[in-house]
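Every chain is named by a letter (A, B, C and D) in the order it is written, and numbering of its residues begins at 1.
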Amino acid sequence: MAERYPSGMHGAIASALSELLGDGVTVRTATQDQPENGLTDDVLNRTDVLTWWGHATHASVEDAVVDRVQQRVLGGMGLVVLHSAHFSKIFRRLMGTTCSLAWRNSGDTELIWNVNPSHPITAGVPQPIMINDHEMYGEFFDIPAPEELIFISTFSGGEVFRSGCCWRRGMGKVFYFSPGDQEYPIYHQPEIKQVLANAVLWAQPENVAEFNPPSVDNSPAPIFNDRISVHGMRS
Amino acid sequence: MAERYPSGMHGAIASALSELLGDGVTVRTATQDQPENGLTDDVLNRTDVLTWWGHATHASVEDAVVDRVQQRVLGGMGLVVLHSAHFSKIFRRLMGTTCSLAWRNSGDTELIWNVNPSHPITAGVPQPIMINDHEMYGEFFDIPAPEELIFISTFSGGEVFRSGCCWRRGMGKVFYFSPGDQEYPIYHQPEIKQVLANAVLWAQPENVAEFNPPSVDNSPAPIFNDRISVHGMRS
Amino acid sequence: MAERYPSGMHGAIASALSELLGDGVTVRTATQDQPENGLTDDVLNRTDVLTWWGHATHASVEDAVVDRVQQRVLGGMGLVVLHSAHFSKIFRRLMGTTCSLAWRNSGDTELIWNVNPSHPITAGVPQPIMINDHEMYGEFFDIPAPEELIFISTFSGGEVFRSGCCWRRGMGKVFYFSPGDQEYPIYHQPEIKQVLANAVLWAQPENVAEFNPPSVDNSPAPIFNDRISVHGMRS
Amino acid sequence: MAERYPSGMHGAIASALSELLGDGVTVRTATQDQPENGLTDDVLNRTDVLTWWGHATHASVEDAVVDRVQQRVLGGMGLVVLHSAHFSKIFRRLMGTTCSLAWRNSGDTELIWNVNPSHPITAGVPQPIMINDHEMYGEFFDIPAPEELIFISTFSGGEVFRSGCCWRRGMGKVFYFSPGDQEYPIYHQPEIKQVLANAVLWAQPENVAEFNPPSVDNSPAPIFNDRISVHGMRS
């Protein structure tokens, strides 16, 4: 991986976003080995969209950090979940399912087909995107039915995978995108970088003031009752 | 086709349903060359689920027949739309879109993957179903997003297709299933016959008394107003 | 109506959009009594989003015009369908259902509740929007299940209505919004004008070059086959 | 509550199911004060559909029990979540959101409207169901968009609530139904009992053999590759 991604997976993703989105965004990175996994309150409070790539060491992400990220997503922060982060605590927390899937790492060709061509995440993307060699992720992918299904991948081994999926959770938006494995130079492909950039733009907060999750409202004032009682007094 | 399907496509489909559903169903067939395309009022009035296979001659189906079938579906009749009937007038009428797709007839292997394993249409079906040789149908398939996505197919040429899709329209249920082309013996495969039978059971009418489409209701009696005025009189 | 809407319903809607969207949009109007119902090829070719208000005389809209508008929507034009246009030919064409509903015109109070608070159509809108007096539209509303449900209305008579609903059809986006009846000054309410403006922004074309509906693609080049045969030659 | 529900909420629900479903079901009850909250492995292993009513003491349900119930749902067990159990650990776990809502307990009339009249959960149910006096639950209800929206309630105070909602999670089905509060005799109403019975029938496991949640599959055999290599050998 060090050869392919000398600045790490996080570096490659950050670099892609900076390259395509330019001054429109401020890109920062955090890594699991930092205190609080790099996701302190202060960091999250300055984050509109969080991209999450993780592999193998999901279990060692702190539960308190997962709680905090979940609250921020429910309050409006976008979350872009990448590749093996399907098994991250935060994704499983937001989905409620096992998020398990079929896989095989034998360098299959992957074709990513756009099944939602008017969706902003697919802007400027060819039909299909081809990845010459990649780990295979296949169905059954145990997720809640996507609210918007964007991409479906086929593999030269014959498998299929819902590889680009959108959900809303609370005030936040979540996008899962299955490329790319650390053993392949996928985040250097222009089409993949385009999807990452599109996804970040799509996932940005909307109608969000203070990133508070929805909360209980115990309102004292019935509305129809008032109106009708006024009407009743008239008659 | 005559060799492969000596009793016609309609005969093969009817035979599959009779074989798997037995005395639970009464299977009848209608063909386009019959008066009113075989779908008279009388015939439809005795039909709970209609399977529709058609090819090339969609345009010559009478509009009055399409109107009648649409009304019956909206009134609760199930509709199972097969293969090239994606371009039938009735399917396009119920979808509102072009229903166009990619295709290529070069004997690809098709693998049909189950992405909804707790759905009754997938009962008893292997993962995946393999069709050795078939016409390729691919994305983008111009349909409204399926309310339930059941099957996705891959092809040895690399394409992908949402090959099993559910919608509700009015009181009726619609299932599209993309196998099988007349040049291949697909409706003789046990797994495909199983899907056809499952689909017919799933599509049968529910909560339907007289197969009337939903209609306008101009009800004279406000409810909260009455209640509140009663309450008002009490006080 | 003439008192309440001296420039017509179309004038009031156009005026709201101009007021809120300013130089960002060019607003034009068309009326049913114009040649080709005001919706010539030339007019549609210059239209990104079409708002449609209609009442009672739906049947006299020309079928050729409906065909043309449908093609343009499938090609990417946004469509905002308002109030009694639930019965317009174009809406029924795109939905495939009767679009019937319950109604009663007795000046009910309507409360419009936002059930999708991170959706851009709800930006800047209070919870709920109150309309003091309005025609009641109620369930069952015979539409395909909305892909995104945005607003639900309650009425002082007790009824409920899915009053703000989103769908994609082809490359285009469709929003139905049930206010406002011509007998009430609803399009003068700031909150309603805000929804109209939000809806137009949401419905604008994305990823659209030439407004062509999706069409059949018969591609000659299998992809996995090619790759695998290369691999085969190696061994 | 003791007067209204002398055998407890669980007793009333069990009684309704026994009355309507008769010999078709075996009904058992479990309560939170039992060891392992009454939901031991042995109990769950004999349960096809679990109804869950809970109030106020959600926090004291053991996390290990919630884990176990979640695994069983993902493995195929149906879950019917009732009223204030919107805040149960298990529902929040499966939804991934806060599940917060608006509420007010002032004896509003609630009308439950059927917006999915061909759905089996609505079989035999009047339009609307009226509850004379009930706690108000209102929007915004912070849940993932229901995969099938069945019922929407209005209240005499003017509020609205998505009161009947379906989701699939793993191999299991989940139905949330917002009636009934312990202070009102709602589970004695025949229409409500009908919905409970319908929901249990709908939620029963389908295509489930051993109630195992979906799991990772690392299959060794590529399929298209094999086929193509065979073809390659021919040439």
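Everything that follows uses one rule, which is that a contact is a pair of C-beta atoms (placed from the backbone, for glycine too) under 8 Å apart; a residue touches a chain by one contact, two chains touch by 3 or more.
Just so we're clear, the structure is a prediction, and the values are computed from it rather than from any experiment.
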Selected interface, A-D versus A-C, where C-beta contact pairs are more numerous: A-D
Chain pair among A-B, B-C or A-C whose interface repeats that of B-D, sharing over half of the contact pairs by residue number: A-C
Computed distance of Cα centres, subunit D from subunit C, in Å: 34
Inter-chain centre distance, subunit A versus subunit D - centres from mean C-alpha coordinates, in Å: 27
Residues of subunit A engaged with two or more neighbouring chains: 109, 111, 116-117, 138, 140, 145, 147-148, 154, 156, 158-159, 168, 170, 214, 223-225, 228
Residues of subunit B defined as touching subunit A within the complex: 109, 111, 113-117, 127-128, 138-141, 145, 148-149, 152-156, 158-160, 162, 224-225, 228-229, 232
Interface residues, subunit C side, partner subunit B - complex: 70, 74, 93-98, 100-104, 106, 108, 138, 140, 142, 144-145, 147, 156-159, 167-170, 213-220, 222-225
Touching residues on subunit B, where the partner in the complex is subunit D: 76, 109, 111, 116-120, 122-124, 130, 147-148, 154, 156, 168, 170-173, 205-208, 214, 223-224, 227-228
